[in-house]
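Heads up, the next two complexes both have chain A, just with different partners, chain B and then chain C.
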Partner chain A sequence: MDEIATVFLKNYQVWHHRRLLLTYIYSKDPGTKSPDLLLKELKFIEKVFEEDSKNYHTWSYRQWILSNFNRNSLWVVEIPFIEKMIGQDVRNNSAWHHRFFVVFDSGVRQGDEDREDVLRREISYTKGKISLAPNNLSPWNYLRGILDRTKTPYESVEEFVVPYTKSEESTDSVVDLDNPPPSKGAQLPAVPAVEFLADIRGSQGRIPEATELFRLLGDNLDTIRKRYWDFRIKETQGLSRKS
Partner chain B sequence: MASTLLVDRHVSYIQSLGDNKDDLAYHMTAHLRLNAVYWGLTALCVMNRKDALDREEMIDFVMSCWDEGAGAFGSHPDHDAHLHSTLSAIQILIIHDALDRLDVPRVVDFILSLHQPSGVFAGDRFGETDTRFLYCGVAALSLLGHLDKLDVEQTVSYIRKCKNFDGGYGNCIGAESHAAQVFVCVGALAILDRLEEADHQTLGWWLAERQLANGGLNGRPEKKEDVCYSFWVLSALSILNKLNWINSEKLSEFILSAQDPDSGGISDRPNNMVDVFHTLFGVAGLSLIGYPGLDDIDPVYCMPKSVIEKMGLKKGWVALERRKAL
Partner chain C sequence: MGDGGRKHSPNDSYPTLTSTLQESTERILASHVPINTSETDYELKKNTHVQFIARVMLQGFPSKYTSQDASQPWLIFWILESFSILQVGLDPGNKQRAIDTVLACQHPDGGFGGGPAQSAHLLPTYAAVCALAIAGRPGPGGGWDEIDRDKMYKWFLSLKQPDGSFLVSHDAEIDVRGLYCLLVTATLLNILTPELLEGVPEFVAACQSYEGGFSSSSLPYSDGTDTPSFPTSCLGEAHGGYTFSCLASWVLVQPYLTALRESGNSTKASTAINLKSLLRWMVNMQGGELDLGGFRGRTNKLVDGCYSWWVGGCFPLLESLGVSVEPRIDVAQPSNGEEGAWHDADDSLYSRQGLQEYLLWAGQHPSGGLRDKPPKQSDAYHTCYCLSGLSSAQHRVVVSEGRRHAIIALWESSGGCTGPSACRSPVVPVGDFTDLLRKSAFSSALTWVEEGGGSKVIGSNTNRVNATHPVFNLTNTHLEGIMMHFYGQKVPPRTRTSI
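Right, the complex of A and B next:
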């Protein structure tokens, strides 16, 4: 089965078959079966990712193993595993999504009870990854996701975002560990950063600045989505008329 | 590189699909044969060439896929019944005005038997669940006029749980947002008249972000463009009434560049092998953005708009106005 699954990893039924097999094995001996087989399965999944690190079914299957069996011995390997995957490819959207699933969408892990601490950790991790590849959408979406979920205002990361909206790298020699700057050679300004800052300005009621940033996107930096940015300008100005 | 839609070439390509029965590839695709017939027929309808394939032959083939034991359709004669092939069969028979050939009560029973307590559908008796099958179940019941037999709250509650932090939907609860899964969830919500469940603004933005600089659309962030997303993304945007958030000129150029000017057909991206799946979704995408000379397609059901309107099933989606000329 392992060989078939690796060769035909884009086939849906291969993964469903493995679910059926695991369910059967564990239904026979739910209490006594050691988690070794499940850990082996997670290792197998890791091997499959060497062939195709973004395979949709494989990530979905990994989530199923974690939530269905729900054992701490399985959950504890996840953050290191995700960091390895993101370390290999910071643009792996599946890995970012999986991180959100593990940290925010599947209950609270042992040791993660201090949610303020978890949020700080996640924001710090995400900022570091944005710094490596500022135009990569995934960590920006992740940042929005965690701020939305914890109802933290976007402006709380304003200081971090601003350097990414400039055309040139800062010549500031003072290193701010809390706010890693864009890495050398990054293409600036970064489109997701400009959008993020526009949203911050909008939330602060600084409408002309928000409008200017959306205009920069539509006319200059992200022209393919001009009609969407024009919509954002109208919407932002509509908000200002209301207040 | 072609700058117009090569309709005649694509029609010939679709007509030739059944010809190479000696090809191994033909037999390796038996598991989606009925789906492929629906893709080919719908593509012909969009190009106003429905008669290019023989109606009676097609209906006979559909009926030959009937699985008497299950009371539904498999993808090929002697294949087990599956929800996806059953939907394709229903769609083909409706387009050909031959729904009377169907044992409707048995098919409805089959569909409902696959509805899970969680609200999702399984694809067949082997139990694989996916939001794709949820769409198939909802669309099939709707087309057969038996949507009232469905527990709508149960179904909608599953879709609600699939909504991700980025506004998108995956193939099950917790799964990564993916444009094809977004289509099936938004399409199902549209049929069930529960579109308010979706976060229109965030999802619309996520969908608009699928467009790459070359005009093509991808299925999730940092992945490659693929012509089939021209339908999954566009239909979802059309249902959310935000189709103008996509640059349709550049998308049109991209789809046209993926045509094979020699053999006909459209592929996932330029210079790859064509197939009938990408041919349908390429022309369907072009239709939604108003490409001249094409027939209107209903994005919720991916069937001719005139057929869906006649059945009283048209929902409030909006396509771009059809241009008179290029």
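Right, the complex of A and C next:
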């Protein structure tokens, strides 16, 4: 069975079959052996990711195991696992989605009851990952996602975002641990940062500045999406029909 | 061929597996950018594609399809819809062959399977019914009246889960593609009921991920401590195929939400999705300069021709929900030529030019058919969805309130039970609310029209393909035919070129 699953990765029926098997075994023996079996399954999935680290069905299957059995002994292995995956490829969006799933989208983990603390931890983690490769959309989307979910204003991270919107490297020699600067080899200004700052300016009512940033995106940095950036300008200026 | 001075995607001097794959793909795509961009570089090689599809059809079913969602109805639908988009009609013999092959997949207990004697599954059921919409006809042997709607409806209900979702098949998983397939089928066959739709809007909304796009499924979450703030979690990240399925499903449940509102049940009708984050995710799926404007299906994945439809095709759906650049004037615009200066009549939210260039330069396989990306082979699936995406990028198909009113004015409330034989069977319960829903579903489906001045054909005008319906991916002619039959209704003639 394990062999078949690794060969036919894209066949979600294989994963569904494993799902049925787990459900069956668990229903027969809900006792002490089951957590071991489930942990073993999570380990197996981890091995499968060595072949294809973005396989959709494999990730969904992992999320199903976690949610369905909802064991603390399972949830605790997730953050180290995610950090390993993101450490291997900071652009692996499946791993970022999994992080959102674990931290924000499936209830509250033991030890994570202080949600403000969790948010601070996540923002700090995300900033660190953005600084490695500032044009990587995955952590920017994650940052937006967690701020939206916790109803935290975007401007709370303004200080972090601004250096990523400038083309020259900051000459500031003071190291701000809360706000890591862009890495040396970063290609700046980074499109997701300029967009983020435009959203902040829009929310602050600083419409001309927001407009200028959207224009920079549409005319210069991200021309394929010119129509969208024009739309955002109209929307920000309140001219668009739909918010 | 050269890269036309196009920029590579930034990797911030921090290569990972993702950026390395992206770079090698960009290098291949760069070699497909024409140097002088003469008209022949923009040619849609219609004849070679027609020949390719004809080969697939005549050879029957190549063995390589057996490893995928092994499914005869799907292969037939891809073939028939590709022909429709390429403006090719099928001769009566091949039509009949298609009808008979599809009908052989019908399960004795309702629904269609991937082949004869296979268990019924929502995905091939959709493909089978849409294939019959194209090739079928009323009367004995025509396919339409052989569909067992009564059993199909009961089978649909047997798949339904308490959270508004549906299993794709008995003992199988829940997946929003199945939901889209069910809603299309039920709408076409006039078996859409409040009972079927109860909880569906809530389930769809729960599948929207933090990125704005939609996931494969969502799971009701219970941690035993009764914290109802996050009652569901998304299984899997935002994805093009699932996003199309959810957004089109969302459009298909609008008649239900409208009927709920009209009958005074506004609480139930207040479920919402986040259109703003959805739009942001959609535009971010369009690739950069060296992706040639093709679409990817997830953040940080590679472009693939099939997302031309799954993501590119989402834009008219979103527009029908009110997200548009300018308020649209609901009159036929005079056609004033085609593409021109950058400030043209094109007010879409993505680059229709970019997408067409991707499909024309990289999507076409030299020996016929369309594909994911070079150097891959073409296949029936990619041919169908690349062509559908091309059609969507060329044409502007929008909801016309004028047409909706004209359709409603012709509505006969006794319809559906006095019409052709297939409609007589009282498959679904009768009632005021169901009638309201039925009328709303019929008029909403058939109210899409092509906006005359809104087309944008890159390359010569011979590249023009047929327009296709943004929700159903059928031409309006095929859609009207099957819906008039199953609803026992008439629609007013189209004043402009029909799609």
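In this text, the second predicted complex is superposed on the first by the 236 of 243 C-alpha atoms of A that agree within 3 Å, B and C clash if a C-alpha of one lies under 4 Å from a C-alpha of the other, contacts with A are read in each partner's own complex, and residues count from 1 in each chain.
As a convention for this text, a contact is a pair of C-beta atoms (placed from the backbone, for glycine too) under 8 Å apart; a residue touches a chain by one contact, two chains touch by 3 or more.
Quantities reported herein were computed from a predicted structural model and do not represent experimental measurements.
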{"item": "Chain C versus chain B on the shared chain A, clash or fit after superposition", "value": "clash"}
{"item": "Partner chain in contact with A:Ser203 - chain B first, chain C second, else both or neither", "value": "neither"}
{"item": "Contacts of A:His16 with chain B and chain C, given as first, second, both or neither", "value": "both"}
{"item": "Most chain A residues touched (candidates chain B, chain C)", "value": "C"}
{"item": "First, second, both or neither for A:Ser60, with chain B first and chain C second", "value": "both"}
{"item": "Which of chain B and chain C A:Val108 touches, first, second, both or neither", "value": "second"}
{"item": "Which superposed partner A:Lys184 touches (first chain B, second chain C, both, neither)", "value": "second"}
{"item": "Partner chain(s) touched by A:Thr152 [first = chain B, second = chain C, both, neither]", "value": "neither"}
{"item": "First, second, both or neither for A:Asn220, with chain B first and chain C second", "value": "neither"}
{"item": "First (chain B), second (chain C), both or neither touched by A:Asn135", "value": "second"}
{"item": "Clash with chain B, by chain C stretch, listed 329-337, 419-427 or 455-463", "value": "455-463"}
{"item": "Footprint overlap on chain A, where chain B in one structure and chain C in the other make contact", "value": "12, 16, 20, 54, 56, 59-60, 63-64, 67, 91-94, 97, 100-101, 104-106, 136-138, 141, 144-146, 148-149, 224-228, 231"}
{"item": "Partner chain A, residues of chain C touching it in the complex", "value": "9-14, 16-19, 67, 171-173, 209-211, 215-217, 219, 221-225, 227, 230, 233-239, 275-277, 279, 283-284, 286-289, 293, 298-301, 322-327, 347-351, 354"}
{"item": "Touch list for chain B against partner chain A, complex", "value": "126-128, 130, 164-166, 170-172, 174-178, 205, 208-209, 211-213, 215, 220-223, 244-247, 250"}
{"item": "Residues on chain A engaged by chain B in the complex (per definition of touch)", "value": "12-13, 16, 20, 54, 56, 59-60, 63-64, 67, 91-94, 97-98, 100-101, 104-106, 136-138, 141, 144-146, 148-149, 224-228, 231"}
{"item": "Contact set on chain A toward chain C in their complex", "value": "8, 11-12, 16, 19-20, 53-54, 56-57, 59-60, 63-64, 67-68, 70, 88-94, 96-97, 100-101, 104-108, 132-138, 141-142, 144-146, 148-149, 183-187, 190, 222-228, 230-231, 234, 240-243"}
